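Quick one: this structure, given as structure tokens, is what I'll be asking you about.
Chain naming follows the written order as A, B, C and D, and within any one chain the residues start at number 1.
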Amino acid sequence: MSWRDLGAASPELVLTVAALAVLLYDAWTTGPSLESPRGGGAGWLALAGVALAVLLNAFPPAAPVAFAGMYVRDRLTQAVTLAALLGTGITVLLSPAYLNRFRLPAGEYYALVLFSAVGAILMGAARNLAVLFLGLEILSFPLYTLAALATRSRRSQEAGLKYLLLGAFGTAFFVYGVALVYGAAGTLDLSRLAGVPITPLLGVGVALLTIGLGFEAALAPFHAWAPDVYEGAPLPATAFMSVIAKVGAFAGFLRVFPLALPAASAQWSAALVAVAIVTMIWGNLAALFQTNLKRLLAYSSIAHAGYMLIGIAAPGPAGTLGVLYYLVVYAVMNLGAFGVLILLERRGEEADEIADLAGLWGRAPWAAGVLALCMVSLAGLPPTGGFIAKLYLFRAALEARHTALALVAVLTSVVSVYYYLRVAAAALSGTAPDAVAPRRSATVGIALALAGAGVLWFGILPSTLTAFVQQAVQALR
Amino acid sequence: MPAPLYLSLSAVLFALGTVGVLVRRSALIVFMSVELMLNAVNLTFVTFARLRGGVDGQVLVFFVLVVAAAEVVIGLAIIVNIFRARETVDVDDVDLLRG
Amino acid sequence: MTPGPLTLLLAIPLAGAAAAAAADARGERRLRAVGFAAMLLTFLVAAWVWLRFAPGVAGLQFEERAAWVPAVGMTYHLGVDGLSVSLIALVAFLFPIALGASAGQIRERVKPFVVTLLLLETGLLGTFLAQDLVLFYVFWEAMLVPMYFLIALWGGPARMRAAIKFFLYTMAGSVLMLLAIIAVYLNAAHQPGGSTFDLPALLARPLGVTGSAETLLFLAFAVAFAIKMPVWPLHTWLPDAYAASPPVVTVLLAGLMAKAGAYGLLRFCLPLFPDASRTLGPLLSGLAVIGILYGGAIAWTQRDMRRLLAYGSMSHMGFILLGIFALDATAVQGSLIQMINHGVSTGALFVLAGLLLDRTGRARTDEYGGVASLIPAFSAVTLIVVMSSLALPATNGFIGEFLILLGTFETRPAAAVVATVGVVVAVAYLLAFVGRVFHGPVREDLRGLADLTPRERALVAPLVLVIFWTGLYPQPLLERSAATVNALLNRVAGTTAVQPAAAHGGSPRAVTPDSPPAGGSPAAFAAGPGGRTGRQGR
Amino acid sequence: MTYAVWIPLLPLLGWVANGVAGGRWGRRGVATVACGTVVAAFAVGLAVLASLSSLPAGARHVEIDLYRWMAAGPITVPMRLLVDPLSAVMVLVVTGVGALIHIYSAGYMADDDAFARYFAYLNLFTASMLTLVLAGNLVVMFIGWEGVGLCSYLLIAFWFTRPAAAAAGVKAFIVTRLGDVGFLLGIFLAFGVFGTADFGVMTRDAAARLPLGGTAATALCLLLFLGACGKSAQLPLYMWLPDAMEGPTPVSALIHAATMVTAGVFMIVRMHAVYLRAPLAMDVVAVTGAVTAIFAAASALVEPDLKRVLAYSTISQLGYMFLAVGVGAWGAGIFHLTSHAFFEALLFLAAGSVMHALGGTTDMRRMGGLARPLPWTAATFGIGALALAGIPPFAGFFSKDQILSAAFHRGDVALWAVGLAAAGLTAVYIVRAFVLTFLTPAGPGPRPDRRGPTTPQREPAAGHAAPHEAPPIMGLPIQALAALTVLGGALGLSFTQPGALDRFLAPVVAAGGPDPAGGGEGTLIAVSVTVALAGVAAGWLIYGTGTLRGSSAAVRAWLSHQFYVEDFFNAVVAAPARGLAWAFDLLDREGVDGAVMSIGRMIGWGGGRLRRVQSGYLRQYAAILLIGVIVLLAYWVSR
């Protein structure tokens, strides 16, 4: 390990340090009541860490490959880092209002968020299955905790338990997969997997890897935890996990499948196509009649995982480009949608039913507008980022001659419009229920403005981001 | 004992763990079943490390152990918290969230 | 690239939307004024473009091209030609009228209404201006979104259901087109010249689509456009949507959005897939004829005013489809002018229906009676518009239907004959409408109905003027489309060797712009009646 | 001669003026504008006639291109007027009779609330009719063709608050539009054949482009004739005309007797060069005309309603005109058209005078003995009746006789015989009408049920109490028409030589017509006069004195139902069409939409099932995950 190695991993290091600083700050300022102070100090610290990481991420390191070949910070890592940091940053902005209102421990919260982000980034930087495994665990353990953070809420407890037990279950398969791949290939180095002949043992190992990553990404049928956990977890935690888990998992997918196993693409591609189809159908159909918005967004995130998997299942530069673009856009639009929910409160509880949105237009027009915009983007309609992202993925699918996959993708996105627009229309019409009150929060406002602007920017002027991820894709070849 | 037997043993252990997750209702025992699965994986790692003659696998065992330990920490915290609220750790009673 | 008038056309409504969004929501009059000013300004620019448009030029004019997403071959490419120049003007013409007519209907949430309307205008204009496949698709879908909200937020009792049905239905068609767009792009990538989403650039190089692939791609495009028009049997979103929307929105739905479908067929289906256009032309002509009769017949049975007009509108759109796939210069020109006419006439019908609904709140025709003696001016205007709808000569409707049928008669006589019967059907349902609402014994509970106010007169007067102007002097419209249509049909005809004998009957008539006007094709008829009937029997 | 454009333009301006500002300048102003424009158009027509006559016969074909109307693809349609002897005659008939009727209307409609609207419509009609007759090509003609149809609809349904009137208007529009399908297709075919629909070109090129008796010529002529059938109320599309009597009586006189309904005849004469290429089509025209003539005459025999009797007489006389053009007697057709315009308008206006006196009654069973209070009306009606019956020396005699002799000379003896029989019947029914209205003592008669209640908009109920002559503004036009009816025969006054009208029309229709001087003319005249007189006598004996009696109930039923043509039409066309429309509606809701919605329901059902899988039980989730694991492993192992 050298300074150069540390330099390569500087974003992760900054985030880690920031997390530790948050914890220390929290310990320093917490009084005898063990309640966090109502100030936003921890949040600002976390935000500063994220900002610094963004800055560092902008500069490519001198030597991309570090830590004895186990770690790589190439353009792909940069793109993944960007998505992760974008998600983390917006989450940090969204959280203070909620944490204060529900008296959740801010220090722990921010530290966990930052740690989780580190895990996701690490998955994107993995050049070795061991690192990938570590990244996965660093990503998911904080999420388990975040899900259960509202210790007094039975729903939160339940979410934590379900997430933890199923997560551990899924991780076990993943590790077993790592072991079998190791046994078949004799190495954990992803860059050396390419030349390994495809044996059944390797195949089973890869299949088990798929399960672990698929669990994290909430691909059907490994998704069952997601709706319950999303619904039960505290809102900002839900928002965060919906994004960061996807970033990590798909970074892992990219590292394992198109990059490490290009020769076997015929085999795994077919399997992933099937998974993607099942996921898109399952997620979208189950979301149709949800009345709880968090749950609806949970199914929606499942469906989106299916879409993103298209980019993996259709190997090639177009697919990778699509996945990376999608991750960034997804982070922005999903957090925008959750952000509006954070503003709502029903008698000291979350107001997370669709019906609670009624009349939002009259009370908080801009929030309602952003919600509608994000819904439109989630539905994949122009002129939003969601459309361009889907366009790239569909292109990848057709280029790889996966016509059926493309067909299912477009048709299920039609189905998805049904529930997304229902939400948007609910926010823009009707009269507000008395019990629900919108809260004001400057940071949430900033986050929503960012999300709204991002959704439009990525939709109307996609060239900047496209060029950025395009570089990532080209650098890999 | 030849390698395939070790591998088979670990596979059986892994399967036992899987079945345990599926059939046991106590959260604690489900948890222990997962630990069993992880340890089965460890056995696989060690076997392959020995077969392949590298140390990667053996190093990874430590990683897995640490991870398992961390998992226990978080898990027990959550389970205890649930027990406090509901006086039960039966996973079938935890079904508030569904649909 | 410096932004030209076409970018201005997109920017003005957008800026108007932004200004309205920033304005105080309580100042309703000011909001409407802002919206109206933006629309009027847009109209002025569109009128300027229309006037400055050089007839006789087949290609694009006022072209603007800039890189959009160079990495993927997407360009910001705008342009107008004979297909779109008048439609642009129509869009810009109808929007201020719709906003003006909304005063009595939209009393709540005026601000979002104005904003949404302006966004819709941007989307519609962009649809007609875009010359890049993806850019087109962006506008095409983007206009759905404001339309959805216009229906879902300001519509009648069944609005939610109708809005989502409309959206899902049309989007189901569009997404297939999206796949087809990508497929065209990918196919061309394997051809010399590489690929791009830029339409003129694509048309200038081999596309590499043939045979059944071409048919499939053609269908994917055509279905999207057919749903929007709508074409039988893909129309069932229409009556619900038309009846549930606020009437001014129906004006835009029927008057403008339907045109986008027909326009798409001409802009994309014909030039991109000429072979498929020819082989599937008879099928689409058949569907058009079915739509004409079917829509007209159902309109005859309807008791809900807007459902009646909705089916009638569908019937009329059948003529436009028929003209397009007659693949004959006369018919296609007729279709183009009929798009304008349909926009004006059907738009006017829905404007009037809306004004009537505002006054009485009655949707069913049998809840009226003798209205003509209560509000004579209103009735007179309605009568004029109805006459234009049933294609009375000297009104605009006649020009379109006449040219369509005349051209179709050349290439698809059987379809033309059956479609001509549709002219009678139109009389049946439109006069039934007039008869039930305006004629008959006066219903006492309608006494005191207010006639057109000066403001409303100002709204409908331009529509009436256009009806007569187009009916009596359609040349400005026709000459603007002539060159483009000829070039388009030459392209459709040109992909396979044209046999002299088959050129007249089987394939579209390739016409040079300056062919002798009354020349017809004497040679083809020298064969005598036998030849004639032979062609008819085909 | 460009100023001829003012002929249609003047009434059009009248329409605009009265339509836009009719409420401003009062009834007198409205009437002045309306009548003034038509009279002025008549004057322009005279000027046109004069300057046309000053041209050499061969040059009496002046095309006035106003502007290029439509040019699309290879076709061009100019906005072209054609002034030649034919259109000049028609212009004079239309504006002349039209002006008289306009003036009459000013009295007849004096008390109507919608005075301005009435005259606006009437002016629009006149403008359209003049466009029709002056048109230089079929498409411009179609403007007038449809324009008069529109006005006919508007004026039939003028008292639209009466359901019967509104329905009659719709019926007229729809039935004529049925014919217009044929007309339109004819235009298309003309474009196909000639590349244009210009009358001049078609007349010139007909022989070259259309082989004699060829399919194209026959189809073209039959299609156009279908349009003529609708507009001119020939079988089988006649049924709208009797119902059209719901309109104000001057309207019936102008539109449904004198002008619009003759448009079909005019059009065929216009297209005579083409018709000459299709003998079969001409036979169809002639036979249709003859059959319609006798059919309508028979129907009129039992009709109790005075105006409807006149309507049937119009249909019957139109049949004669078609018979004429069908046998190629173009001049005779136009001649009968002209004289018919005089006497039929006269009959209608006189009938209107009767109605005026009786407060709107048209049921002859409630009339009678009106000769005493209404001497002028009775006298003028009598003149019209004699002309209609074909009694010399009234105009009707000359024109009808020309037609019959033309048919006879062409060898169509059967057609001649039918025409002759129809002439006899004509005499019978018109005598009946005259007798029932003016001579026999007034009977109570049944209430006029078919009409519905008389609305206040109709004339003030003068009632039976004191029938009185109409004011001079109504009387004078009647008398003027009576004079024309008496003198109109002069237009064709010649037994062996072509009449004045024939000679004037000769440049247009030179190619047509059998030689009128075929010999035996005297005999033919004697026969037809005898038949006419016999008809008059029979009518007098049956209805006047009651000497002749006896008609079977069956015959009566057939006659009063017009041989069940309309019932047949309703059963075969109208009812199935309606049924089909309802079936479509059902199909649309249940079938087409149902299919679409069932897709939605299926998806929704799937969503519901999938939600139930999410049961909340952690172990079930693990099981689902495990299923995925197994499937995936199975896939990889099987590879």
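What to note about this one:
Simple rule for what comes next: contacts are C-beta pairs under 8 Å (C-beta built on N, C-alpha and C of every residue); 3 or more make two chains touch, one makes a residue touch a chain.
What you see is a predicted model, and the numbers here were worked out from it, not measured in a lab.
A summary of chain positions shows that the Cα centroid lying nearest the centre of all protein Cα atoms is that of chain C.
Averaged Cα coordinates give chain B a centre that lies 96 Å from the centre of chain D.
Mean C-alpha position of chain C lies 36 Å from that of chain D.
Separating the centre of chain A from that of chain D, both taken as means of CA atoms, is a distance of 77 Å. Mean C-alpha positions place chain A and chain B at a centre distance of 26 Å. Residues of chain C in contact with at least two other chains: 168. Each of residues 611, 614, 616, 618, 622 in chain D touches at least two other chains. Listed for chain B are residues 18, 21, 30, 91, 94-99, each touching two or more other chains. Taken as a graph of touching chains, this assembly has some other topology, since it is neither a line, a ring, a star nor fully connected. By the definition of touch given earlier, these chain pairs are in contact: A-B, A-C, A-D, B-D, C-D.
Within the complex formed with chain A, the residues of chain D that make contact are 603-604, 606-608, 610-611, 614, 616, 618, 620-622, 624-625, 627-629, 632-633, 635-637, 639.
Interface of chain D with chain C (complex): residues 19, 67-76, 79, 114, 117, 139, 142-143, 145-147, 150, 153-154, 157, 160-163, 166-167, 169-170, 173-174, 177-178, 180-181, 184-185, 187-189, 191-196, 198, 201, 209, 211, 214-217, 577-578, 580-582, 584-585, 588, 592-593, 596, 600. Listing the residues of chain B that touch chain D in their complex gives 18, 21-23, 25, 30, 91-92, 94-99. Residues 25, 67-72, 109, 112, 134, 137-139, 141-142, 144-145, 148-149, 152-153, 160, 163-164, 167-168, 171-172, 175-176, 178-179, 182-183, 185-186 of chain C touch chain A in their complex.
If you check the complex, the residues on chain A that touch chain D are 161-162, 165-166, 169-170, 173, 198, 200, 203-204, 206-208, 210-211, 214-215, 220-222, 224-225, 227-228, 267, 270-271, 274-275, 281-282, 285-290, 415.
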